[in-house]
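A short write-up of the structure that comes next.
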Amino acid sequence: MEEYPEELRTPPVSLIAVVGCPELHATLSRHLHSEQPPINTLALPDFSKASLLFSTTKESKDNDDHETAVGGILKRDWLLKHRTKVPSVLAALFSYDQLSGDPAQWLQVCSLLDQLKALLRPRNVKFLLLVVVPHQSSNPLNDDIGEDRMLALRKRAELDPKYILLFKPDEPSELKQSLQRLGSAFAELASAYYRDEGRRIKLRLEKKTFNSSSIELHVRYCFKVAVYAEFRRDWVEALRFYEDAYQTLREMIGTSKRLPALQRLVEIKTVAEQLHFKISTLLLHGGKVGEAVLWFRRHNASYRRLVGAPEAIFLHREWMSRQFLVFAELLDKSSAAIQNISSLVLATKDTPLTEWESRPAYYYQLAAHYLKEKRSSLELALSMLETANEMDNSAESVVPSAYVGQFARLLEQGDAFSMLPITDEEYIRFAVAEGKRFQDSFEIIALLKKSYESYGDLKVQRMGSFCGFQMAREYYAAGDFTNAKQLFDDIASLYRREGWVILLWEVLGYLRECARKRGTVKEFVEYSLEMAALPVSSGIDTQSLRFKECGPAGPASLAEREVIHKEVFGLVCGESELPQVESRNNLQITGDNPLHLEIDLVSPLRLVLLASVAFHEQIIKPSVSTLITISLLSQLPVSVEIDQLELQFNQSDCNFIIMNAQRPSSAATSDDKQGHRVETSSSLALATNKWLRFTYDIKSDQSGKLECISVIAKIGTHFTICCRAESPASMEDLPLWKFEDRVETSPTKDAALAFNGQKAAQVEEPDPQVDLYLGASGPAFVGESFMVPVTVISMGHAVYSGELKINLVDVKGGGLFSPREAEPYSLDSHHVELVGISGPQGEDESQLGTDEIKKIQKSFGLVSVPSLKCGESWSCKLEIKWHRPKPVMLFVSLGYSPQSNESTAQKVNVHKSLQIEGKTAILINHQFMLPFRRDPLLLSRIKPVSDSDQPASLPLNEISILIVSAKNSAEVPLRLLSMSLQLDNDSVVRSYSTPHEVEDLDPALLVPGEEFKKVFTVISEVNSSKLRLGTMCVRWRRDSGTEEQSGSTVTSVLTEQILPDVNVELPPLVVSLDCPPYAILGDPFTYLIKIRNQTQLLQEVKFSLGDAQSFVLSGSHIDTVFVLPKSEHILSYKLVPLASGVQQLPRFSVTCVRYSAGFLPSIAASTIFVFPSKPHFKVASVRDRRTESLVAE
Amino acid sequence: MAPVGPRTGDAIFSNVERVNAELFTLTYGAIVRQLLTDLEEVEEVNKQLDQMGYNIGIRLIDEFLAKSNVSRCIDFKETAETIAKVGFKMFLGVTASVTNWDADGTCCSIVLEDNPLVDFVELPDTCQGLYYCNILSGVIRGALEMVSMKTEVTWVRDMLRGDDAFELQVKLLKQVPEEYPYKDDE
Amino acid sequence: MGREVSESCVDSLLTEMVSSYCDRFYANKPELAARRIEAIGFQVGHQLSERYTMERPRFSDHLEAIKFICKDFWSELFKKQIDNLKTNHRGTFVLQDNRFRWLARMSVDPSSEGGDLSQDNSAGAPENKAAQATSMHLYFPCGIIRGALSNLGIPCAVSADISNLPACSFVVRIKA
Amino acid sequence: MPEKMIVCVAVVGHQNNPLYIQSFTEADDALKLHHIVHCSLDVVDERVNNPKKSGSPLNETFLGLLYPTENYKVYGYLTNTKVKFIVVTTDLDVRDADVRNFFRRFHAAYVDAVSNPFHVPGKKITSRTFAERVSTIVKSFGLSSAG
């Protein structure tokens, strides 16, 4: 687009001329140019210039009309002329003084006017008069002299008054006004001029005044009309006439005979180009992208086949290229304005617009394409000419002629120049010479880059990368291999991903050459190998052998693959080296620059070498050998002999090497792999697409994961390929080859292994050869410290750096720790705890010092075990204490290493566990008894309260009896050492019938379930609702007879239990029955009932005495008595027993009205033994029997 | 001898329940391919196809006799004709022809130009040696055995191998008088 | 091409296919047999869907594809459409055929064995066998449906339920 | 050689990989045709991903003209099973009807090819029958309706 002349590129601007008063011209032109639309000003200093200006254009103007033979279609200078030389309006400026001055001046003005009119009329250029009125001078219209001078002036000039303007430059506000008036006047006149001109020519077109045969004129006139319309900014008309011109021009092809064929075509194309440019510009300015594109299609369709003479093809292609480029640029400019272009796509039924046709990128790309074609055909033309070495300097004097798209030879005769028409041959020579001056490839790259980038912005990757590909090819051709490589690499990855093998082949071919040229051996080998391994068979793709422009690698075919294969392997085996064109040192692989390739799971070289490794077992025993299968696959076209294979594992001492028996030479290389296992295989030949399988045994003593990391193939002496090992189970199918229609074979013959084989296996740890005994028998008793002997006996393994881990775990999983319940007796809230670890039998605690006992916590312990040789043993005791009954799991695990050296040896672990029941050995119970036949009325008893939470109540100042029993709830017999009631210091209980510590003479033996009772008498003298009685302390131990096998110690255990508080209160009444200890049949006795009122109040007491069939009695049965305060009422009855044996005395019940509380004595209290006849015994014994009877109760 | 039963199966075929041949064709194809992957050996696949055919044949014969009221044919020659003309038609909807009788009329060829089994089928190079349609030979063998004719059926021509038609050679081994070896290969 | 064959061809072929795989090749490994039968069905479904979707616009969503299976596809195979289609709108579809031909014409009498496959291990051995045979037969149509759908770009799992014979419903669970 | 002629046909798989590509030109630009076909996949994506922009009716298998190159026209077709067919014709005015008709026959040929029990889905189509059928379809292109 830049090469177009300015006047063509930009829309025309009206031109006017001013003459006279030169000092004002600057102001005027500045103002007019700033007008909207702008107006260009031609400033003529004085009137003589005016005549000169018009006279020049004179004759060139006429010869349009009455010339018989038309020289061309468009005059080259016409447009320019009308934009710069031919004003539409002429404005003559006169100062007011000139008019109002003396007659001489006036006459001069008149003559000037006449001259101008004479000049302008034939060209009907519009005329305008400006009278410059200086500030001081009064307004000409209101002094009479001025009045008639102006009139005269108008007559002279034959002008409509509105075209004679007063111009007042001095006073700013007025200057502004007059400028505006001036501006509008000019605009009006100018458009009038262009309209008239347009009309004039349109008239010719309609009237066909010109000789109608000449289409040239028709085109030219249309063009002119259009341009005049553009001057008037009448785009619609402009467009219409440009299109008309374009259509007519198309008809000229073939018809016109004016010029030699070739140049004729050139001229037509050039004009067509201009017209089309105008059309598309107008359309795009109107935002009609769709139409513009359709127009371009038409343009392209109608001219693309007009190639012209063979030797001038390059001209055509250059022209085509320019069409695309220009349109692309136009689109680029407008697409900035028009958002979301693809929404404008108009889908006309037959010719729908496709996405890319509204994208500049598309046209840039094609421009580049044609430019490339141009280059090639230009080279052709050049060679043709040069062979005929006609490249004389005749081309020099050829210049563009008067007509657009025409050329002529410039001849100078003396000082005059004349144009001679030239022959097509001359023209060609000239064009070729011109063409030679340009460096096309840079231009091509630039175009492609534009399209590449804008496609990139649109995320149109494939088209984009195609442009990239062409760019890269240009770079390659230009010798810029670095740029080329970069581009090629991206493109290659795309083709790899989508499996376009043929395209990939071509790209790789270039990359390979780039590598060769840049002397990078590694890349060269990699690309070569990949190419050799591509799925290109001479099967269906044979037809692709007929590639014209296939890359340096030649057409993709099996044969080519083999060639490349051979070449690269010649190189890597050091047999050959690649001659370098540029650099002096050839590509080669030697000892001092060996070559090492890495192939991972994503590498494109997986095609070249694929290593699958499968352990036959997933879990293997240490140092027991299992099988491992290594399978290699290659798609290289020729089978490859591998010199040695090295397998690398995460456990490096499992690594081993497989040597090729055929290659004794490589045996030498083996001894640098000192200490590594070396296998030899009869053959390591890797055939195309055939799994090369080895199965070897492998073993590891190192427990844990054993994984094959990589397989390293050594080919030749200096070339190694390190291939990441893959598991058959999780192996992705080969890229590219997976699309090939062929049977796939599995890496291993064994289908199961192929399906779920893994490259890694788990090595178990060796079986322990050490026994761990937990010698203990439950149950353990709460309170005692329970001993669990632990014995470590080595059988087969020596024990080094052994460690015992001890764990106590709640069987129910509840945990041994419960913070919420805080027992008074367990300071910490552990129910079971590991108290200590004592050394083996014989040696005492101190010996198992801090150095062995690493750490002891409540439920966890860690002890180190001294080193043991085979057969030795060691033991220790765990001391565990239960705070409450609970079953506990004891876990003991021994970790040790059989070898003495810490570093390599791994730990072996032995685990043992034992559940131990924790039980309470002694159950302590107690109960209270009131004195015999003496019943205090305890008010607290009356209130109906659930007796569970209610503390036992005791009467004040009465003798109560406390019976405490200790029951053996264990399975084993226990010895009771002592049983005592410990008073808390704050206790207010005073007197005891018995002293505090009761040391029994010999510890009582309690067989399981047996109960031992002990009696205390309690007299409480303080009246308190919560009286603490103290703590029962029972000291006991397991019965010594069983001591040996039980893990417990001889030391006695003290079980304590706090007696619940009692409520001591003063009974208001105490009823005591009084009767002899026994009665004799038929022998009457007195039965006294004493009701004692202990209160300060009078107590009304109802009582009743029921009948008893075994007695006859005297006295009132039912009555109410009043008992005086602090006094006692005695009821006395005489009873005669009627039956012998234990007899129920008449039931006696009392109701205390005040408290509405009735009570009757216990049955026990109201029974009596009746002897049939009077017994005989001493009185002394009576007291003993009394106490005994108490205990027995 | 007097012709027994219909000479062609067209009428019967038009009466029986028919289904889309594609389903049949594709299913058979899928089975053959699955057999190839499972049994690997082409020979084994041929064997199994024949076996399947046999099992089908011994079941199909009843339906055949029922639908085409063919009274039991004694004559092998005629039986062959019936199979070709009626049998193939009423099951596969195609007619076969019987040719190449040997002198003593115990061996002939059943020729099949059109065969729904092989629509779309193209043998890959890897399974040359496969008798793709081997199930047919099995069917014929099985069916004939039910009418007490022990036969041996072999392929002479196979379109999948580039021949111009399918040709099955049916050779009568022995004609067992009225005994039904039902419990043969079960 | 409107080529046709007698239905008994297909039936006997299927029956024979199932029995070969269950009783001969994988006699003691029913799950392997099942997988093979399903695979055969898959291939058939894959190819049939390619055929029967010719000449029709592309499906815009899963439901359209499923409907296609219920209507055109099914009628091509069985000369009838699926009778009832249910979905939970979360990728599960239930296609019910009130009288599934391949079960109706199967040698085992469906009524004899009591419905749902899972239940009748309680029932006697022969019925069990019948049930197993039935289920084996069903792997084939399941495979067909799965093959067809996956070829239409809908990966899924298909199972069959014959708890109320002769109706048979196929449950399609689309893999998200 | 016929007025309107097909220079290249291709079947493209799910990963945009070529399953079958065959060119029918005497000119030695088979490689160029590979490029053209590959580039056309961009347009196919565009059409399928936002159909409303391009005028083509929703979900129709025939995608219409994908784009004109310097000397060719590229047409596209997307089956229900997401397989793409691409055809490249010489850039003379080709009627949509002809192309549609071509694609219909081509699709039928394709379906038969993949109905071969030994064809593995997603792999290249090597069937000779298919190749022959395609070349006959290509030869008869446009003749049916060409004036």
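Worth a mention:
Letters A, B, C and D mark the chains as written, and numbering starts fresh at 1 in each.
Convention: a contact is a pair of C-beta atoms (placed from the backbone, for glycine too) under 8 Å apart; a residue touches a chain by one contact, two chains touch by 3 or more.
Predicted model, so just to flag it, every value in this text is computed and none were measured.
Chains making contact with chain C as well as with chain D: B. Each of B-D and B-C has its own count of C-beta contacts, and the greater count is at B-C. Centre-to-centre spacing of chain A and chain C amounts to 41 Å, using the average Cα coordinate of each chain.
Centres computed as Cα averages put chain A at a distance of 62 Å from chain B. Measuring from the averaged C-alpha position of chain B to that of chain C gives a distance of 28 Å. Annotation for chain C: residues touching 2 or more other chains are 43, 47, 51.
Touching of two or more other chains is recorded for residues 22, 26, 28-30, 33, 119, 124 of chain B. Shared contact sites, meaning residues of chain D that touch two or more other chains, fall at 115, 117.
Within the complex formed with chain D, the chain A residues making contact are 342-343, 345-347, 350, 352, 354-357, 362, 366, 369-370, 460-463, 466, 469, 497-500, 502-503, 506, 539-540, 543-544, 546-550, 738-741.
Those residues of chain D lying in contact with chain B across their complex are 112-113, 115-118, 127-129. Interface of chain D with chain A (complex): residues 13, 15-19, 22-23, 27-32, 34-35, 38-39, 41-43, 46-47, 53-56, 64-70, 96, 119-120, 122-126, 131. The touching residues of chain B, counted against chain C in their complex, run 13, 16-24, 26-31, 33-34, 38-39, 48, 51-52, 55-56, 59-60, 63, 90-93, 116, 119. Those residues of chain C that touch chain D in the complex are listed here as 43, 46-47, 49-51, 53-60, 151-153.
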